[in-house]
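These notes are about the structure you will find just below.
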C-alpha cells in the first residue's frame, strides 16, 4: 500500500473528511477549486496536523491521532511542490535547487542535478534570484527543488498549471520515468483530466472535502461523468498494448492491443515495448457498416455491450472489442438512428492523429498490473 | 485601434521587443513560459516603465518615451488580474472586491457586485481573509476585484490557470459577455490554446521577448504550427454561423454556416443568434465517398485546396467548403492512400460531440466583423 | 493647573542633596504661611545653566559656591541676597565590615592602603564633593598616589553606594550622607583646613518677581528652619543670619 | 510598603501624560520620516538619518543641553515659538514631552522603517492599478500593513518616555507638578538618605505601567498581526 | 577647534570598544529572546517581555543601581561570575559593556522581533519538507530573512551604547581609560564652567562615529535587502 489515508480535519467552515487507499505509483487528486486538495496534501506532508485520523505512506505511519503519533515534516522525506512556488528569496536558483540536498544522506542522493536542470529548462537561470523569474520559471524551479531532495514520496500541487503545453510535453515523460523507474510514488494534484489520464495510475476525486471516488485510473476514468468539463471530453478507456512495428516512411507506429491494431504517430519505443493507450470517448466515431475511403486509419470491430447515462445530448456507448472495454461518446440521436442496442456489431473509427502524446503513456501499465496483483 | 504597442525593455539578460497592434476586443497573449507575457502586460498597466517606445490603448497615449509621456498606473483605469493574486491580506474578501470601487467615479460604477460574486462563486467567502482561501479561490477573488474596478481595459495574466474546468466553463461566457457587451477590451494571457480559441478575437504570439505573430484570431489559429502542443491539437478553423433550429428531443441545435449545416449540442441562444464555431483540425475525418451509417451527424462537402506543412506523421489539409476555409489534420499516409490532391472533392466528417462548449463561442464574430471593417 | 501652580508657588532650584531638609522646611513654611513652594532638585551645575536659560526660579540653592559664582558672574542672582547658609564636612568612609584605621594626616599613603581597590568619590571636576575631596587629598599629599585609583561618580550618593555595596574599599562623601547609611563606617573626618570650606550658598534670582520669594528665603535663614537642616546633619552657618 | 505621596502621584500622572503625548506627537512625523528614509532618495537623506539617530548616540544630558539652547526661552526656536504661537516649552510639561519625544524618536522611526521595508511592494502596485493615488495607497494599503511596526514603535517610544531622565531634567528641570516625571522623582529620592523606599515604590509603579502598556500593545499587535501576516 | 586630549582619545577608543562589544555580545541572546517572545508561548513569557523592556522604562540610574546590586563584586551574579569564571565586571570596561548591552537590549530585541514577525512562515514550512530540522530552518531560512531586523537592531544597540551614560557611570563609575566612555567624558566636561568646548568636540566625534556606523549599516542593509525582499 503506497498511501492509506483516513483523516478528518476542520478549517473554518470547511471540513475535510478523506478516506482512501491508493496503490498507484502516481495518485492523482482531482477536484474543483476549494474541494480540499491542498489541505489533503498538506496533511500528508505534515504541514497541518489533522484533528483525527491516520496517514500511512509506504507502510510508514505518519500520523495516527488515536496513538498520538505524528512524524514531523522534516522527517517524512516527502518532497512537496507547492501551489505557490515558495522559493527562498535569499537564495539564488542553484541554491534553491540544492537546498534539500544538504539534508539528504549522501548515499541517498540519486537525482542528478544536471539532468533535472536540463529537463526543466532552467540552466540559464541558475544564478538568478527567484524574484526575477517569471511565473512558470518559478514553478519549474520549485519542481526541481523538490525532485533534488530525493524524496521517498513526491507531492505536487498543480505543478504544471502555469506551464505552456510544450514545456509540459517535455516534463511528462520525466514524471513517468520517475513514477516507473525512480521508485518514487507521486501524488499529483491536477484539474486537467488530460494530465491525469496520461499520468495517473490511481485517481482520487474530491468534492467539497469528501472523497467521491477513488481507485485505479483505468477504472475511474471510464466514469466520464466524474470529469465533466467544458473542453474536449478527456475521459475514456485506457487499454494495454505493445509496439509491434514502425512505419518509418509515414512516421507511424503500429500498436497491437487486444481490441485490435492501432496506428499511431511514431513512438520512440522499441518494438515489443508495453504501452498504455488512451482512447478518448469523444474521439470515437461509430459506424454500423465497415467504413471505406476514410482518412481515419484505425477501425476496431466490437459489440455494443451497454449504454451509459446520458449527458445532455450525448451518451456513452460501451463496446466490447475482443474483451477490451471501449467507451464512445455519441449523440442520443445517433444511438437512435443507428439503433445501437446491446449486442449490435459496430466499428469504432479513430483517427491516428487522436493519439497525441498525451494519449500514449509510457509503460504505466507495468505498474498497473503490479498494482492489481 | 484598441491597443498599439511598440516597446523595447531590458530586464537583466532578457529583452522584450514587442510591436503589435490589436483591434480585437479580446487580445490573447500566447507564448511559452518566460517569453515576456507578464512583462508586456506590466508595461501596459504601468507597473514597469519600458526603456523605449510607445503604448496607446483605446486612443489614449499611455507611454511615449520620445516625448517623455508616462501615465501613472492609477490614472490608466486598467484592471489587472495578476498571475499571483496579490490580494490585500489586511482586508477581507468583500473589502478586496470593493477596493477599486473607492476610486471609481460613482457614475462609472457599472459592474454589479452581486452578479460578479455569483458568477465567480465566491459568495460564501465574502467575510474571509485571503490567507484562508485556496489557490483557485484567491484567483477568483482577484478576478472579481479587477472586474469591480470598472476598468476601461482589463489585463488578465493566466487568470484561469488554477481553476477547474467546470469553473472555467462558468466564467467563459461571462468573459465573452464582458468582451462583447461590456465594451471592456480584454488582454488575456493564456497558454491554453483551447481557451484562446474560444475567447480571443486577436492573438499575439510571443517567443523569447519577440512578437512572432499577431492578428485576428481566425487567421492566427489556422497556423497550427504556432500552437504545437502535446495535448489534442486545438487549432483549426473558426467559422461564422447562425442558429437556425433547436432539436429539443435530442438536445441538439442546428447551426447554419456557409460551409453547410452543423448539428451541435443544444445552445442557449435563440434562433437567429450569430455564433462562432471552431472546427478543430484534429476532429475532422475526411472521406472520399459520402459516408453512411456513421454516428457522426455532420458532413460537410468541399474541395481540397491545398496541403500545409507536415508535422511529423500528420499534415494539414485545407478545404474549401463553399468559400469557407476548413483545416483537417490527417496522416500523411491517408493523404497518400486517399490521394488528397488539390481539387479533389472530399467530405469532412465531424462528430457533434466535438462541438463542446469551448468550440462554440458567443457572438465574438460580431466583433470580428467590426474589427475588420 | 500646572502653570497656575507655577504662578502661585515659589520656585526653588536646589541641589539634590538638600531634598530632605528643604522638603521639611518647605512643608513647615507652608503650614506657617499657607503659601506653596515648589522645589526642583537637580545638580547645581544643571540648575545654574537652566537659570541662565531663563528658568522660572525664584531661589537658587547651590551645593557648590563655584556655580553660585557662575550665576553671579552672569548677573543671574541678586548679590545682596546671597548667603552661605549651610556647611558640611567631608569624611572618609569604608564598608561597615572593614577594619581599616586611617589617620588623616599629611604624608598619608592612601594608595598603599587601597592596594588593588578603589577610592570612590564624586567626579573631581564636576561634583562639589569630588572637588573638595581632591583638594583635601592634595593637601595631605595623597593625590598623586590615588589619582589612578579613583572611581568617580556623577553624584556623591553614587560614590556612597559604591562603598556601601563593597565595590570600593574607601570613599569620600559628606558626613550627611555617611551618617545615614548603616552599611558604611566613617573612618575619619577630613580636617577643616584640608579643603575649602564646604558651603551651600543660596540667593534670590535676578528675574524673580514672586512676592513671597524673599519671605521664604528669610524663613530658611531663620531659626525656625534650623532644625530641619541640622536633622540631616548639615551645619547651619552661624553667620547665616548676618549675611549681607 | 507605604503608598505614594501626593507629589509622587503627581509625578506618576505627569509621566503618563508626558509619555502619552510624546508618543502621540511623534507618531505622525515618525511615520513620515520613516517613509522618507526607507523609500525616497533625496538630497540630505543621510543627514536626516543621522539627525534622527543623534538622540540615541549622544548622552541624554547633551540632548537636553541642546534643547535648552534651541528651545529655551532664549533659544532661537524657543523664542520664535513663544512669540508667534505662544508655545512655551522650557520648564513646562510640554518641554518634558518634547524631550521624551525626541529621545524616543530614533526608536519609533527604526521600528516603522523595518515594517515599511518588509511591505510587499507588489500589493501597492496592485492598489495602484485599481485606481488608488499613491497617497491613498499609502493610507489604505501601506499603513495598515505596517501597523505592527507602528505599534512596536509606539511601545518603544512610550517606554522610553517613561524612563527618560537626562534630557528631561536638563531641559525642563525637575519642578514638582510641572516637569517632575517619575525618573526625575526617583533621581531626587536617591540623592538623599532614606529616599530608597520611595524610589523603589516609584520604580514599581513604572514597571506596572509598562506591564500594562506592553500588554495592551501585545493585544493590539496580535489583533493586527492576524490580519496583516499570512499564516 | 583644538584636537582631543590623550584622555579624550582614550574615551573615544573605549567607547568604540564598549559599544562594539556590547552590540556583539547582546546579538545572540537578542536573537534568541526575540525568537522566543515572537514565536513561542510559554509560562513566564509576559514576564520575560517586561524584563527585556525594563531598561527602557526605568531611569538609567536605576538600571545602573540594579546592575551594581546584581553584578557588583558583592552581587549574587557578580560574585558567582568572579569565583567561577574569574569575570570581574565592576570598574572594568566589561562592566561598561554590560551596562550598555542591557540598555540597548530592548531596542535590539524589538527590531529583531519585528523582522521575525514579518517572515513568511510558509518558507519555513517549505524548508521543513525539504528535510531541514527546525534548528536548520532557523539558521538557513529564518536567520537570513531577518537580517534587516538584525542589522537595524545592531545599529540601535551600537548607537545606544555610544550614548549610554546613566547606567554606566552608576555601575562602573568614570575611570579614565577603563570605564570613561565618551558620554562620561562629556558629562565631566559639561559640569565644569567653561567645559563646553571640549564637550562639543567629543560630541562631534560621537556624531562622526555614528555617521560611519549608519553608513555601514545602510550599505549592509541594502545588500541584504536586495536579497531578502521581493521587488
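When the chains are written out, they are named A, B, C, D and E in that same order, and each has its own residue count from 1.
The working rule: a residue touches a chain if its C-beta (ideal position, glycine included) is under 8 Å from a C-beta of that chain, and two chains touch if they have at least 3 such contacts.
Model, not experiment: these values are computed from the prediction.
Peer 1: Would you pick out the chains that touch chain A and also touch chain D?
Peer 2: A chain counts here if it touches both chain A and chain D, which gives B, E.
Peer 1: Distance from the CA centroid of chain B to that of chain D, rounded to the nearest Å?
Peer 2: Distance between chain centres: 57 Å.
Peer 1: Can you give the whole-Å distance between the Cα centres of chain A and chain B?
Peer 2: The answer is 26 Å.
Peer 1: Averaging over Cα atoms per chain, report the distance between chain D and chain E in Å.
Peer 2: That pair's centroid distance is 19 Å.
Peer 1: Give me the residue numbers in chain C that touch at least two other chains, ranges are fine.
Peer 2: Expected reply: no residues.
Peer 1: Among the residues of chain B, pick out those that touch two or more other chains and give their numbers.
Peer 2: In chain B, residues 84, 132 touch at least two other chains, as defined above.
Peer 1: For chain D, what residues touch not just one other chain but two or more?
Peer 2: In chain D, 61, 65, 122, 187, 190, 229-231 touch at least two other chains.
Peer 1: Judged by the touch rule stated earlier, which pairs of chains are there in contact?
Peer 2: A-B, A-E, B-D, C-D, C-E, D-E
Peer 1: Where on chain B does chain A make contact in their complex?
Peer 2: 11-13, 31-34, 37-38, 83-84, 124, 128, 132, 134-137, 140, 157-158, 161-169, 172, 191-194, 227-233, 247, 250-252, 263, 265-266, 282, 285-289, 291-297, 312-314, 328-336, 338, 340, 349, 351-354, 356-358
Peer 1: Across the complex, what residues on chain E touch chain C?
Peer 2: Within the complex, chain E touches chain C at residues 61, 65, 68-69, 72-75, 90-91, 166, 169-170, 173-175, 187-188, 190-193, 195.
Peer 1: Where on chain D is chain E touching in the complex?
Peer 2: My answer: residues 46, 49-50, 53-62, 65, 106-107, 110-111, 113-115, 117-118, 120-122, 148-149, 152, 155-156, 159-160, 162-166, 182-183, 186-187, 190, 199, 203, 206-207, 209-211, 214-215, 218, 221, 225, 229-231.
Peer 1: Report the residues of chain E in contact with chain A in the complex, numbered from low to high.
Peer 2: Touch list, chain E to chain A: 122-123, 125-134, 136-137, 140-141, 144-145, 227-231.
Peer 1: Flag every residue of chain B that touches chain D in the complex, lowest number first.
Peer 2: Residue list for chain B touching chain D: 45-47, 72-74, 76-80, 82, 84, 86, 88-90, 99-100, 102-104, 129-132, 145-146, 149.
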